[in-house]
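We just call them A, B, C, D and E in the order they show up, numbering each chain from 1.
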Amino acid sequence: MLRMAEEIKIVEQESIQVKSPNVVIGLPDVGLVGLIATMHMIETLKMKLVGYIESRLFPPVIVLHNGEIQSPIKIYAKDKNIAIVSEIPIPSNAIYELTDALIKHIKDWKPAQVILLHGIPVPNRLNLEEVKTYAIGTDDETKKIISDNKIEHMDTGVIVGLKAIFLWESIKQDIPTIALGAESFLEYPDPGAAASVVEALNKFLHLDLDVEALLNRAEELRVRMRDLMRRTQESMRGTQPVRELELPPMFG
Amino acid sequence: MLRMAEEIKIVEQESIQVKSPNVVIGLPDVGLVGLIATMHMIETLKMKLVGYIESRLFPPVIVLHNGEIQSPIKIYAKDKNIAIVSEIPIPSNAIYELTDALIKHIKDWKPAQVILLHGIPVPNRLNLEEVKTYAIGTDDETKKIISDNKIEHMDTGVIVGLKAIFLWESIKQDIPTIALGAESFLEYPDPGAAASVVEALNKFLHLDLDVEALLNRAEELRVRMRDLMRRTQESMRGTQPVRELELPPMFG
Amino acid sequence: MLRMAEEIKIVEQESIQVKSPNVVIGLPDVGLVGLIATMHMIETLKMKLVGYIESRLFPPVIVLHNGEIQSPIKIYAKDKNIAIVSEIPIPSNAIYELTDALIKHIKDWKPAQVILLHGIPVPNRLNLEEVKTYAIGTDDETKKIISDNKIEHMDTGVIVGLKAIFLWESIKQDIPTIALGAESFLEYPDPGAAASVVEALNKFLHLDLDVEALLNRAEELRVRMRDLMRRTQESMRGTQPVRELELPPMFG
Amino acid sequence: MLRMAEEIKIVEQESIQVKSPNVVIGLPDVGLVGLIATMHMIETLKMKLVGYIESRLFPPVIVLHNGEIQSPIKIYAKDKNIAIVSEIPIPSNAIYELTDALIKHIKDWKPAQVILLHGIPVPNRLNLEEVKTYAIGTDDETKKIISDNKIEHMDTGVIVGLKAIFLWESIKQDIPTIALGAESFLEYPDPGAAASVVEALNKFLHLDLDVEALLNRAEELRVRMRDLMRRTQESMRGTQPVRELELPPMFG
Amino acid sequence: MLRMAEEIKIVEQESIQVKSPNVVIGLPDVGLVGLIATMHMIETLKMKLVGYIESRLFPPVIVLHNGEIQSPIKIYAKDKNIAIVSEIPIPSNAIYELTDALIKHIKDWKPAQVILLHGIPVPNRLNLEEVKTYAIGTDDETKKIISDNKIEHMDTGVIVGLKAIFLWESIKQDIPTIALGAESFLEYPDPGAAASVVEALNKFLHLDLDVEALLNRAEELRVRMRDLMRRTQESMRGTQPVRELELPPMFG
């Protein structure tokens, strides 16, 4: 059923006035690379929470940071940089709608570039001394930026999920977008991969985000992320659709 | 399909006239903490059943108390306190609708504060001598109340389900809401956690609910709750959606 | 999608003219108690088949009795008694609609009382020498009848499925309804429990249904019921919704 | 969603002009009895393909016979006989729609009788020297035909699926229908059961279909049917609904 | 819900002006034969990417080739030949819609012939020295072409999925279509089968596609295909429909 409730709302609590900003997007997919890397950027730069995204297409989740109640999908800004980060996986039935909403909203910002951070699943991750970083550009301009920064272009491959549609729409709607990914574990939070992504991000945005710091926090992050996700998952239990309503395991 | 039948009805059999009441809400999620604690409050204060909530979004369940047929989601009141308690888990497809209905209705009561009681799943619950209690406030006023009562603020974490959306909407609609939770088992009824919640609740509402009594009844409660849920679950069997209609196990 | 086809039709092949009849309803839920007991009443009193209920919300099933093709949900009548019995479990997505249709139709009969026969699942059924019978009344009148007949009132418990909603609506719409249940196996046809229900029913309706006969036929009934259900279940196989169409196991 | 696309189309490539024809219907349910028996009739009588049934409610399947592309649900005719046969199981969500379409269409033919061929699952099939045949008639006329042909009337039982609804509607819409079934394996193609059905069919339609031939081909048929179904099933793989899209096992 | 978004768009980036072209279609079904063979044709002939197909009925996937972002379903052209190839399996709920869109679009090209390349699952593939090739024609013209090229006509069998509906609609809408298949593994990419298909395709289109080359690349292709599909599958994980949202295994 199509309901108002199912719309996606992007709210700027403080209207964003930056001219041609850099927009970084991090979602918790493969290895949680995008989430970890973007979080690190936000924390290191002490970016300011300026907005959030909400929709009833998302699971009923809120998060707490420093005692503040927040949407799990937030917008941060500082100087010329804007970061959009999600702490919950995007449900497949919201991917197209959320992409449309993001594209429409970001377009109004007239971004210098949009950078999607993500992980590239590789089976042999465990054996990799160092992980490779690859970038995808949606137009000549972004491709030149990638080359100038000596990041390897992703030549062949498959991109799936929101970032796939985002890249596709970027081309169609003339948004200069770069997908920046590093080889990563599929099923484990991968701060190492995130570090490589941050390293590349530093070049693109002329930043100096401390990669060492991220690596030193790797173990802590791994635990924190696992925990974040475990809590979410655990808390999700017991809210089944009514047609298949079943009571929590305890009552079995 | 959107049908009248899918609306949520909140019925006050006796219209509630209390001025700026305290509203306590307890749902059967993690550890059934919210349900157990709210039930204890209702029974100890001998609160009066004044209303109920019904919807065809809920499973077809009624409960019997003292031979009275009741909705599993009820409203009790006494003096300045109102309690809303559910004996059935809220199906995920009813979470948003029920939250909206609750917020809308409670708003008309102009509550002094709304307190959501819940359990916070911790993996190591078994090893905890005593469980910690944490509170979340939706505005400065509620945060001050929490501090004044020396309850620890929840600093970081994930809140999921109806209470998450309720907190979120409370902020947006200016309802002074507190989520009060205690560390709990995820999958077992946890009267111990409920006791800690009640202890904190006593402070917030200047009550003197007997925590000892609750702890002494722990075993009995654990059994009663298991039983309540087991019966529900058992009775649920054999009512499958037609497309996947299957006969009860017996006929296998 | 709301389609005419999804309506529930209650058809009286012979219009029922009894004044303030007693209406007995038996559905095949816990232990098939309601089904077995109502069937026994119908057969013993040689009640007359006067109508049926059909809906495309029900699975595509018909039954044969004495070579006659019948709907699995039928209406029988004799003297002041009407019996409604279903040989198929009611799919959960039809529960609310069927209850509404039943209430609406039965109301026009201006019933003296409606009696829902059912089983109450108890884990220790195997060890019970004799099973207890409990009744629930929806108003003072029915409660008095229960007391007068020395049937124990069900004090606390959970009622689920169609009978739950039926009881609930009975209160709201002023229908004098009694739910009459006996402790029963959850997963096995329980003629013993049905016998206890019949014993109580005799009191309520001043009947003399032979309980011994029912008990003597217990084994035969158990087999017949299992068989009825097994055939249904077997025949159901191979009719999957197209989106998950799979061929019968044989072709695996 | 209701779409034209979801309608069921019954197409007569050669308009059928037979006066009061006998209509035989065979679907691949229990033991594939209906399918095997009807196929045997069609092949033995060299009936002519005169039409087909198509719908987007059916799985995307076509079949090849003698190099001809055909719908899996076809209509054959010869002399006074019309045969409707399906090589694919009817998805449950198409049962009611297809029955309506069939009834409506067949009615216009003003059939002398409609005969539904099917299998009756029996657990002990393996031990049966010879399988019993049972018939169900929808009116006195068909019941007399059954008796005159000395076929046993099915006295009690459960009929499920399209044939159940077809019988039901036949009564309501005055179509003289006979359901003719033989005891059968549930999960294995059962040419033996089909043979018994054909034997009875010979009486009803005064035909002389060679039962021996069918029995001699039993093994070949068993293989052919298995194969038919296995191919269908295998080919079905890899076409999952998008929301649960998964790649073929190979990629696991 | 019917939404514009759910339409299927076939986009010609360079309008195709060829007169009565040969249209080759390869989808990744059984053994990925259609995909491998069509890819080989495209690469060998250095066909030009001239268009693509997109729809929100497809999973959110894009592919990269030579650093170019592409839809997984593309249209290539060269001289008199057009090739349509998909790198993702077509979700079952898009089969009918995509077939309609393809037929409508291809019709405007007034094709000389449409050739669907596919694999025919055979259980004993492993033991086959060489695999047989079979063709299906939708009209006399295509059947003659098949005979003239000494390809065996498929006599009996079951065709499932998009190609089945495509063949069916070709007959109804007078499109000269040939389905060209070779015996293949069901669950493993089968370059050997693809080679046989290419061999036959050479005859139909008077091409000289190097079959040896394809066989020599067999192992490489097998790996590449596995990899392509594995990546897609892996990347798909974590995008569950919200109602059954669950976090990636890692958080279990």
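The criterion applied here is as follows: a residue touches a chain if its C-beta (ideal position, glycine included) is under 8 Å from a C-beta of that chain, and two chains touch if they have at least 3 such contacts.
Every value quoted in this text rests on a predicted model; they were computed, and no experiment measured them.
Chemist: Rotation angle, chain C onto chain E: superpose the C-alpha atoms of these two copies and give the value as a multiple of 5 degrees.
Modeler: Fitting chain C to chain E on C-alpha positions yields an angle of 145 degrees.
Chemist: Could you check if the interface between copies chain D and chain E is built from the same residues on both sides, meaning over half shared, or from different ones?
Modeler: Counting which numbers both chains contribute, under half are shared, so the two copies meet through different residues.
Chemist: Centroid from C-alpha atoms only, then distance chain C to chain D, rounded to Å. What do you get?
Modeler: Result: the chain centres lie 34 Å from each other.
Chemist: Round to the nearest whole Å and give the separation of the Cα centres of chain B and chain D.
Modeler: 55
Chemist: Residues touching two or more other chains, restricted to chain A: which are they?
Modeler: Touching at least two other chains: 1, 59, 92-93, 230, 232, 236, 241, 243.
Chemist: Along chain B, where are the residues that touch chain A in the complex?
Modeler: Residues in contact with chain A: 1-2, 28-30, 57-59, 89-96, 121, 123, 136, 138, 143, 153-162, 164-165, 167-168, 171, 186-189, 226, 229-230, 232-233, 236, 241.
Chemist: For chain E, which residues are in contact with chain A within the complex?
Modeler: 1, 3, 5, 54, 56, 59-67, 69, 71-72, 87, 228, 230-232, 234-252
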